[in-house]
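After the C-alpha cells below, expect a handful of questions from me.
Letters A, B, C and D mark the chains in the order given here, with residues in each chain numbered from 1 onward.
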Amino acid sequence: MSDEREAQAGPSPEPSDPLSGDPLRVGVLGARGRMGIEVCRAVDAAEGLELVAMIDQGDWLFNASDAGAEVVVDFTTPDVVMDNLHWCIDQGISVVVGTSGFTEQRLDRVRTWLSHKPGVGVVIAPNFGIGAVLMMQFAARAARFFESVEIIEQHHPKKLDAPSGTATHTARLIAQARAEAGQGAAPDATRDEVPGARGAEIDGVRVHAVRAAGLVAHQEVLFGTTGETLTIRHDSYDRTSFMPGVLLAVRSVRNRPGLTVGIDDFLA
Amino acid sequence: MSDEREAQAGPSPEPSDPLSGDPLRVGVLGARGRMGIEVCRAVDAAEGLELVAMIDQGDWLFNASDAGAEVVVDFTTPDVVMDNLHWCIDQGISVVVGTSGFTEQRLDRVRTWLSHKPGVGVVIAPNFGIGAVLMMQFAARAARFFESVEIIEQHHPKKLDAPSGTATHTARLIAQARAEAGQGAAPDATRDEVPGARGAEIDGVRVHAVRAAGLVAHQEVLFGTTGETLTIRHDSYDRTSFMPGVLLAVRSVRNRPGLTVGIDDFLA
Amino acid sequence: MSDEREAQAGPSPEPSDPLSGDPLRVGVLGARGRMGIEVCRAVDAAEGLELVAMIDQGDWLFNASDAGAEVVVDFTTPDVVMDNLHWCIDQGISVVVGTSGFTEQRLDRVRTWLSHKPGVGVVIAPNFGIGAVLMMQFAARAARFFESVEIIEQHHPKKLDAPSGTATHTARLIAQARAEAGQGAAPDATRDEVPGARGAEIDGVRVHAVRAAGLVAHQEVLFGTTGETLTIRHDSYDRTSFMPGVLLAVRSVRNRPGLTVGIDDFLA
Amino acid sequence: MSDEREAQAGPSPEPSDPLSGDPLRVGVLGARGRMGIEVCRAVDAAEGLELVAMIDQGDWLFNASDAGAEVVVDFTTPDVVMDNLHWCIDQGISVVVGTSGFTEQRLDRVRTWLSHKPGVGVVIAPNFGIGAVLMMQFAARAARFFESVEIIEQHHPKKLDAPSGTATHTARLIAQARAEAGQGAAPDATRDEVPGARGAEIDGVRVHAVRAAGLVAHQEVLFGTTGETLTIRHDSYDRTSFMPGVLLAVRSVRNRPGLTVGIDDFLA
C-alpha cells in the first residue's frame, strides 16, 4: 500500500490538482465518535475526496500512512490530539483538527513541529460552521457603519451558558471594530428598566439569550441607523452543519503550509 | 342641521346599514392634534364614513351635534375627555376614545352615564392597533400548548421604558393562560449567566428589550415545544397603524351599546 | 391481563381522571415504523401515560386488549388501518390515527361503526403539529382585518410539490375568511413583472415557495394594513414535532366520543 | 466670500483633517426637493460638517463657491445635473451626486472633465443606503460557499416592478460569484408546481416579490447548505435611510480624486 502513496507523493510534491481526476486521499481519526462518524459520511459522499482510513481508539495510526492518506481529519480528544498531530506532521501528512482544548502554548508547539516540515499544513478550528464564521466576519465589517447593534441568540433550553460562546465572540469582534472606527456608545434612552430587560453587556454590546424547546442554535445580529436596519442571521439545525466547513478545510489545507487557526482565511 | 340628524335617527333607531348607501356621519374632537389629524384624514378617505365636524380647543362641541355627527372620535387630553364624553352621551352620540388616563373610577362614571342612555355606545381603548391586539389574543391562545415562551420586543432608542407596556401586558396574559392550563415553569438549564442575558422576568415569562436606531415598534412572541416553534410578530411602522382600528371601532360602536374597553371584542 | 382492564373500565365508565394517579394505558400500532418509534418514545416519556403494547406487522391485535390498552395510536398504512379501526372500536378502545389515505367514504364507514359504540372516540388527523394547526387557525382569524396577505413557505430542496399542502390549505382558509368578510382583492400595482416574481395564486392569495438546502419545513403568513404588519411563522425541525399533538389527542380522545377529524377542536 | 475659501484651500491642498476642528463646508443643489430637504437637515445636524449653501432652481451656482463650499451634494434632475457637475469640477469643488439618469456615456464625460482637475473627487451613486450596499456585498461574498440561495424582497403594494431593482441587482451579483466559484444550479426536486410558486428566475437565482400594505422596502437573501442557513436582511423604513450614506460620501469624497461610482468603496 505504501508504494502507491509514495508513487503519488514522490514525483509530485505539489498538492493534488483538483482538476486532475485523482481524488484526494483522506483519513479520519476519531472515526467512531459522534463527529467522526459524520466526517466519514461527508468525505465518503464528497466529490474529489476518497475516504482511505477510519481510525479510532486502539487502531494504529500507521493505517493512515499505509493507506496513502494525504490529509487526516482529527476529531478526537485533548489528551491524544497532540500525539496524533506530531505523528502526522512527521509523516508529511496535512491535518484538519476539530478537537478542542488548544492553548496558545499548544499552538506554539505545533508551529515548531511544522517549521521542520515546510510542505505540511495544519488547520485547527474551534468552529467549522461556514455560516457562523461568515456571520461573524460580516458583523465585524458592518460594525463601524451603524450607530446601534445588538445580538439576539436563541438556543435549546438544555444549554448551560448564556450568552453562547459564539455570541460573546461576536460581541467582542463588533466592539473592537467600533472602537477602531471611533464609534461611541449606541444611543439608549432607557431610564426605567425591569432588571435584565436590556440584556447582558459584553464589551459594551447588548446581548440577549433566548431559550426555548424546539430551538436548536440560532443567532441574529441587528444593526441600525437612521431609517434602516441590517440583520445577519444564522440558523444551525444539526451537527452536519459543520461538514461543509470541514470539507472546505480538507480541500484547502495542503495549499496553505504551516498553521492556520480558524477557517476564516478559507472564506476570504 | 340637527333636523337632518333627527330625520335620520328618528325613523330608524337601528344603526345605519353599511349597505344602505348613507354614510355614517363622524365628528373628531382634538382634530388638530397629532393623532386627530390622522383620524380626520382616515375618516375622510374611508368608504361609508363622512367627516362632518373637526373640533379642537376653543371650538364649540355643539358643532358636532349641529353637523349631525352619529359617532364622535376623541383624541384629546385627560383633563377634558370626561366633559366631552358626558356631553356626547347626553346628546345620544356614540364615542370612540383614544385619549389616555382612564382609571377604574372614571370608567365607572362613564358606565353610570350610559345606563341612562341605552342606545349609546362608548369604546375606550388604550391601543387601536389591530395587529397588536391580535398578537396578544393569539399569544394568550397559544400559551397553554407550548412548554416554552419568550418575548422579544424591539424599539427605537428614544424609548424610556424597557420592556414596553405592550410586552409587559402580553407577558401577563401568557402567564395567566399558562397558570390556568397548569403549565409549570419553562425548561431552562442555564447555570452560567452573564447578568441580564436571559432578560427580564415578568410573571415568570422572559422578556428581552432591544433598542436600536432605525427601529420603530416591533414585538415577537416565540413559542416552542418538541421539534417546532411558533412565532407571532407585530411590526408597527408609524402612527397611521392605529387608523384601521379606529375606523373599525367607529363602524362598530353603535352596534354595541354601553361601555366597551379595548377593541378586542371587535376582533373576535 | 384482560381482568385488569375490565377492573379499571368496569366500575368507572368515565374517562380516567388525569389527577387520579392512574396512568392512561396506551398501545401503539405500527410501533416499529418511522413515526411509530417516535410515538412509543413519546408515550413512554409522558407523564400520566403508560405504554402497554407495541404492535407491528405480524403481531396480534389482541395484545393491545390483553394489555388493557384504553387508547391505541395507529401509524400504519392505508391497507390495514381500516381493519385496525374496526377491531379497536369493536373492543371499545379509543383510537388516535395518523395514517393517511382517508377518503370521505372511509370516514363515513368509521362513523357508522362508532354509532354502535357510543362511548368510543376516534381522532383522525392529517397533521398533528400543534404549531401548524394554530398557525392556520390564527391566519383564518386575522384574515378579515387586513387588506393584504401573502404566504411564504420554505422547505428542503427534496420536496416535490410547490407550494406545500399546508400552504395551499392555509391560502384556502384565508380566502374563505376574506370572502365572508367582504374583503376584495389585495392592493397590487405591479405592472412590470418578471414571470413568477409575484408567486402562485391560490384562490386569490399569493403563495411563494422557497427551496434551500439546510431548511426543514417553515411557513410564514404575512398580513399588512396601513402602517403595520402581523406575521405568523411556524418552524418545524423534525418529525418529533408531531408528538405533542399526538399526546394531546391521546389524552383528549376519550372525552370526545364519535369521530373527530383533525386536532383543531382540541386547540380551541 | 471667495477669499475665505481660497484662504482655506490655498495653504492646505490636503483634504481638511477631520480632527482639525475646522468643519467641512457643504453646499446642497436641489435643496428644496424631497431628498434635498433631508440632505440639508442631515448636513446641518452632522458633526464636523457645516451647511454653507442651499441652492435650488433659479438660484446662482456661484452661491456655492462664494460660500466657500468644499463639497457639493446634488439631488437635482437629469436635465441639469451635467451642467452642475461641469461647473463644480471647474471650480475645484468635489461633488456627491444622487441624481439619476447616468449612462456610461455621461460617466465618460465626467471622467474627461475630472482628468483636468486631479484634486477633485466625484461620487455618483444610484443607492446611498449603507445597509442595502452592505447586504449586496455580503451576499456576493457568501454566494460561493452555499449550494442554495434565494431572494425574498418585500415592498408596499404601490410598487410597479417585481422584483425590485435592488433584488435583480443582488441576484446578478450572486449569479456571477457562483459562476466564478464553479457552483452549479441549486438543488431543487420540484416536479409539481403551481405556476409562479417558485418565483422568478434572474440569472438562475430564484427571486420572490411580496407586496403588502404596511410594508416599506425590505429584502432577505437566504443561503443554505447542509444543516444550516445564513440570512442577510435589510429593512428600509423611510428616505432618511439614505442620509448616513450621503454623509459618508461627503466626508470621503475629497480623499478619493476622480470618479467613483457607488458607495461600495467607502464601505470596504
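Just so it is clear, a residue touches a chain if its C-beta (ideal position, glycine included) is under 8 Å from a C-beta of that chain, and two chains touch if they have at least 3 such contacts.
Going by UniProt, the chains are A, B, C, D = 4-hydroxy-tetrahydrodipicolinate reductase.
Just so it is clear, the model here is predicted, and its values are computed rather than measured.
Compared on C-beta pairs in contact, A-D and B-D come out with A-D as the pair having more.
A rotation of 180 degrees, rounded to a multiple of 5, brings the CA atoms of chain B into register with those of chain C. Taking the mean Cα position of each chain as its centre, C sits at the greatest distance from chain D. Between chain C and chain D, two chains of identical sequence, the interface residue sets overlap for the most part, with shared numbers making up over half of the total.
Between chain A and chain D, the centres computed from C-alpha atoms are 35 Å apart. For the pair chain C and chain D, the distance between C-alpha centroids works out to 50 Å.
For this pair, chain B with chain D, the centres built from the Cα atoms lie 40 Å apart. Among the residues of chain C, those in touch with two or more other chains are 146, 214, 223, 225-229, 235, 237, 241. Note for the complex: chain D touches chain B at residues 214, 216, 235, 237, 241. Against chain C, the residues of chain D that register as touching in their complex are 146-150, 152, 154, 157-163, 168, 186-202, 206-215, 222-229. Chain contact summary for the complex, chain C toward chain B: residues 42, 129-132, 134-135, 138, 141-142, 145-146, 223, 225-244, 248, 267.
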